[in-house]
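Chain IDs A, B, C, D and E follow the sequence of writing; residue 1 opens each chain.
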Amino acid sequence: MGEQLLQLLFTGLTLGSIYSIIALTLVTTFNVTGILNLAQGEFVVIGALLAVSLQGTGMPMIAVFIVSVILVAILGGLLERLTIYRARGASNLSMLIITIGLSISLRGLALLIWGTETYSLPAFSEGGSIIVGGAALNPQSIWIFALVAVTLTGLYGFFGHTFWGKAVKASVYNQTGARLQGINLNTISFLAFVAAGGLGAAAGVSIGPITMVTYDMGFMLGVKGFVAAAIGGLSNVGGAVIGGILLGILESFSSGLISSGLKDAISMIILLGVLLFRPEGIIGAIRERKI
Amino acid sequence: MLLELSGVTKHFGGIAAVKDIGFSVAEGSIVALIGPNGAGKTTLFNIITGTLPPEKGSIVIKGRDIVGLKPFEIASAGITRTFQNLQLFSNMTVLENVMAGAHLRSKKGFIRSFFTFPGNCREERKIREESLALLEDIGLVETAGLFASELPFGKQRLLEIARALASHPGLVLLDEPAAGLNPAETEILTVYLKELKTKGTALILIEHDMQTVMEAADRIVVLNFGQMIAEGTPAEIQANTEVIKAYLGEDEKIA
Amino acid sequence: MKERHGYKMKLKNHRGFILLLLLLIIPLVADSNYLYSTLVIIGLYAIIVQGLGILMGYAGQISFGHAAFFGLGGYTAAILTTRFQWPTLLALLASAILPGIIAGLIGRQTLKLRELYLALATLSFGILVHIIFNEGRELTGGPSGMSGIPNLSIGSFQFDSDQKFYMLVWLILLMLLIGIYNLVHSRTGRALCSIRESEYAAENAGIDCARLKLHAFIFSALLAGLAGGLYAFYVTFISPSPFSFHTSVQFVLMAVIGGLGTFWGPVIGAVVVVALNELLREIVPLLIPGAGGEYQIIIYGVILVGLMIFQPKGLSGIGQYFRIPLKKQLKTDVKIRG
Amino acid sequence: MLRIKNLGVYHGYVQAIRELSLEVKEGELLAVLGANGAGKSTLLGTVAGLYKPTAGEIIFKGKPITGQKPEQVVRQGISLVPEKREIFSALSVLDNLMLGAFHRYRKNKPVLMNDIQEILELFPALKGRESDQAGSLSGGLQQMLAIGRGLMSRPALLMLDEPSIGLAPLVVREIMSILVKLKKTGVTIILVEQNTKSALKVADSVLVMERGGITHSGNSVDIIADSSIQEAYLGRAR
Amino acid sequence: MKKITMRLRSKLWLVLLLVLSLLISACSPTKEADVKSAGGNEPYKIGAVLDISGNSSSLGVPERDTLLMMVEKLNANGGVKGHPIDLTIMDNKSDETESVLAVKTLIEKGALAILGASSSGTSMAMIKTVESEKVPMISLAAASSIVEPTSERQWVYKTAQSDIVMINKIISYLKKNNLNKIAFLYMNNSYGDNGKKAISAAVKDSGIDIVAEEKFDANDKDMTPQLTKVKASGAQVAIVWAIPPSASILTKNFKDIGLSIPLIHSHGVGNQKFIELAQGAADGVILPIGKLSVTQQISDNDSQKKVLESYIADYSKKYNAEPNSFGGYAWDAFNLLVNALEKAGPDRVTIRDELEKTQGFVGISGVFNMTPQDHNGLKEDSAVLVQVDQGKWKLIE
């Protein structure tokens, strides 16, 4: 039994690492632009698919990672200029629908280029799973956690300690005020989407070895990331990570101990509970009090 | 007495926003609520209208305790209000704003709204005519078909007052009705408020413009740091040294 | 956005309805089952989106879970007729009422949430219900669905052809449209709008926002359920897949594309989205030889984005380009008053 | 210093400013008075770049700045303290002030800190509250913070939109006296006010606006003497 | 007032325009596969509704490719008795409602018969229409409920083996090896669900116990929790009813957590992709499958061998890729229809009757023998058991 629980925990962590990296990218864009980017999952998929193609050319994995991050970052910036920038000032709902439209188009594009096939990516490190106490841990999830940690540190450093970070924060709180101080909101929104693209691709390349890659998996990933972010409070980067891990563990334990058909139901019920009784998210409340 | 407050208390994170407030408003009278920023005036409004629950104290209107009622129930008990930061229905026309304010004057519910019974039409016509008359009185009738957001700021303030009056309340709480108005406009407003009083509507007024306050108010309540530091007629307040020190300033000459 | 002539409340503008009626006769002449079924689908969606439009456009409450009510209606009709042998008409009635009751149960708590949080809560409700469709095998047939749903019949009259169904659906829609026209131009419609604009002020004007929002939610669920019931009787086969989150998003898209808070918006939205899909399926292969669904998807997404950029208030707002400058407007207003 | 020629601005279908020309001399304090909807706030907003003019020219220190975005205008040395203050309520007072200097320093922290000290000298009430959240300040302090933040960009021209709105008489007087102090340091100031009396006390010259145009202009003494203006904007003699 | 009328009118014009365009589109010609050659004879119109995009696109795409290839080849050779085939393919986006609309369009355009749809749900949604319009339909999906009961499915046929065919193959393997405690894992969709129904029916009274029953979602990224339960259940063998990628992920997880019992998959993983994605973990996996994947290994005497070889050759030549069993379903459906057309001519009723009379038709999935009670016509000999051995399929029988 103990072995089984440990195994479930490990699986939960693996899933959690995937959800939290996606939640993290979602929350970053949301924080900076106020836009919930439903095309975030598509960035992840396109990043991973690009990596598949690049890897096919015989490039070393590290180069593959960097190039696909750069390419998707450019794509993110490009899409921002083409759509979000042009629609600036529109309502939240319009923006949400624009991102839905983007995700539909990107999915079509991925289908056009890569087809319906499923692809796999090689793990970052050689060798099979690590056996701890009779349970297997996927080494790739450690890599993903490393990526989460690096991103999180980067984000905290940026927003907490740099002048630019504060300027971005200021523009989130008060757009007119920020513009009057000379802060260019368009640049910030642009950079936010560049970052979202880059982070999305990084997430895609690192989760690819576990999840495999199909052109249409972005939507589901996006929804799971969305749920994780909401559990964490939607605008809190730390919360997003914790929400993601929680969601992963929850799914793993509920499918392992209760019923695999109901695991999504259980996470939805938890989400509803969080929304109704703690709409600031599990972490949000604590943070808010600190301020 | 129309409205009687006693011992009303509310804390925010350990700090008393309002503490032990008690005063009363007679029917058809104007009470002004003054005090420095952050003295708890708007908080008191929120408590009276049911947006915030008080921790202690009683609020009685026409003999009925309204503590714990929801805002819409308090509105139907006859208290409406305006807002410091305007809360107009921006994407509705001026007339619709007032007609929405007259919600309590008609009864048609969700299901009956699907049909055009003659009764519905009659009710609708009555409300529209009343609302247009109200707009006429306040000088907005020419803009009836415009969206509320298309009005200049000062007229938006007036529209809010019209909306608050539309349900024929016994008491209207006005939160800085003159803010953003120039002296000439303020004067017109003051006259209008006094007119309302003579028609029997009682008012509680938060206002920084001392001229308006002194001219219109029957009684003045002064708040500072959530506490009532004085209550009295305008003349009494002007002579009150504590009020001068905390709020009016030494050299301000009033009227 | 409400039309500016809102205060001129008389039903002078029957023209919209008359034109619609005329339009509805055309297909009867064309006599094409494909056209009928496309119009049936459009009609069903329009019924749902009308309800959603009241909820989103007027009361200002977003829902990403209406596919669940749609599905609940469908499954209610399917289960009652195949497993309990209810008469079809009664089952159709139940298919509207049950989702309404469920909406009433979940609405009070859920509708306290705002914007994105409400979107999330309705989304998770939608996903939950979808899981129930999949898991409740004994009742719903699980992922494989249920077949053998009888035709809808009133007495001995069977709605067994596309044409009959087309007339039924659009008759229902037309009646609903008239009712909703009255609703949005009434006290209740005004109160709903004021909730959307400022719940705070509405509450202080004596409007019971919680109750009214709940009513709008129940109403929209009723309509979605009714459409679901009709869908089940029309296709006679039902499975969980048409009631997924995607469909909920699709409904929201229709509502927004048509134009939130406008009377004709939902119908326009449903027509445009379905017609666009069908048109793209026809046209794209002509333009790009050998093109498959992938191009359709891309173009659909691009059109959606373009619409939101250039016409963010929805298609029914296109009329504003013909708006008479304000000065004249002011004058007419005065004249009307005088 | 600032010259505006034949300015025209629309808000949707409403013309907010029509054919407006004016000139502000270096070092003066210009008060702009007028009824609601006269276009005063629009005028400031247009100079600051928040609204795009449909006609006319704005020239600052001999350079045209017409149609520039706010983030560009502020670099030219024009700072607007908006009517709603628009402070960053969730950030600390110190961060608010730092961001006021966004386009000037970025890296040079000592200079920045020195400037902040100067501002705090000007608004002693803000001292000791540097790490407080700006949103927790009272209305008067928030207004001071907004002005202080506006000054952090070292503007040659400071524009204030109704700084007295919603403030107690005591606080209004304090703010007006700060404006006088500021003027002495050589900053040019445009003050839009509803509180006519307070504004006239400190202004050098005065503009009166009505329906998007200028109806009167002159130095404050003349304006106070003008009986027609008395009636319209200052109220009955009271 | 004028303004208002104007606004209303402009909106209604829009509606009018759209409805008109709909009307036009309903009557306009659509995409047609090459209708070249074949003397001046009137073409035979047939339609196909496939899941080309959406969830089941991995099924629809090879089916579309196969059909396009077949039509081209047939028309180049003179078509059906000189009549070229005019095939219209419609994408239902894996959506049931769209499926209904698509099939109605095709019937409207005079299709003599309908091929498709690719998956069970989308096929089921079309049945009412073809039954009431009396148009023969050949589904490419597996669920037996598509063609059963045949009394209510007069016009519906299908080419994919029913699950029970595959299950029986597995059961006999279990019996032979004395394995009677099984764990059954399945995908939570209609494919998995049908597998589950079939196996529960098949193990009744056979002395085999299902000691663990677990399901997972098509989108799931890790099936370790389910496998952990299997591990604890003491099952002697695990049977999985799923398709890649989830089937591949499961296979990887299976190996990762050190499960050593035999792993049996369904025919849903019968393509090279499954092995590739499982990255080495697929070795040892046993599954029942159509003969297509092991064409080279089957005996030369097998009646299907020639047909299989020619399909593989044609497909690889045109698309530079190996065909899979889904394409095979399309191949069978198309040729069954062509056979019926040859005998019946352009008449829906006779085509249906001819389809029902099909005997000894040698196809990709097996040898079809239709009867009024069996609208699939495949028996257990249409499948073989194979094992993955060093990344290749190996026939074990």
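The rule is short, and it goes like this: contacts are C-beta pairs under 8 Å (C-beta built on N, C-alpha and C of every residue); 3 or more make two chains touch, one makes a residue touch a chain.
Molecules present, by chain and UniProt name: A, C = Branched-chain amino acid transport system permease protein; B, D = Branched-chain amino acid transport system ATP-binding protein; E = Branched-chain amino acid transport system substrate-binding protein.
Everything numeric in this text was worked out from a predicted model, so none of it was measured.
Mind listing the chains that sit against subunit A and also against subunit E?
A chain counts here if it touches both subunit A and subunit E, which gives C.
Touching both subunit A and subunit B: give me those chains, sorted by label.
Correct list: C, D.
Of all chains present, which has the mean Cα position farthest from that of subunit C?
Of all the other chains, the one whose centre lies farthest from subunit C is D.
Any idea how many Å lie between the Cα centroids of subunit B and subunit D?
Distance between chain centres: 31 Å.
How many Å are there between the centre of subunit C and the centre of subunit D, using C-alpha atoms for each centre?
Comparing mean C-alpha positions, subunit D is 50 Å from subunit C.
Once you find the CA centre of subunit A and the CA centre of subunit D, what distance in Å lies between them?
43
Mind pulling the residue numbers of subunit E that touch at least two other chains?
In subunit E, 53-55, 57, 61, 188 touch at least two other chains.
Touching at least two other chains at once: which residues of subunit B meet that condition?
Those would be 150.
Two or more other chains in contact with one residue: find those residues in subunit A.
Answer for subunit A, listing residues that touch two or more other chains: 108, 111, 261, 264.
Help me check something: in the complex, which residues belonging to subunit B touch subunit C?
Where subunit B meets subunit C, its residues are 49, 51, 70-72, 75-76, 80-81, 83, 87-93, 95-97, 99-101, 103-104, 106, 108-110, 113-116, 120, 123-124, 127-128, 132, 141-147, 150, 163-164, 166-167.
For the complex, give me every residue of subunit B touching subunit D.
35-38, 84, 150-155, 176, 179-187, 208, 210-211, 247-249, 252, 255
Which residues of subunit A touch subunit D once you look at their complex with the stated criterion?
Residues 163-164, 166-167, 169-170, 173-174, 176-184, 291.
Within the complex, which stretch of subunit A touches subunit E?
4, 7-8, 10-11, 14-15, 18, 108, 111, 115-120, 128-129, 131, 135-136, 138, 207, 210-212, 214, 216-217, 220, 252-253, 255-256, 260-261, 264
Using the touch rule from the top, collect the residues of subunit C that touch subunit E in their complex.
3-5, 8, 13, 15-16, 19-20, 23, 26-27, 30, 32-35, 37-38, 41, 134, 137, 142-145, 147-148, 160-162, 231, 235-237, 239, 241-242, 264, 267-268, 271-272, 275, 277-279, 281-283, 285-286, 292-294, 296-297, 315-316, 318-324, 329, 332
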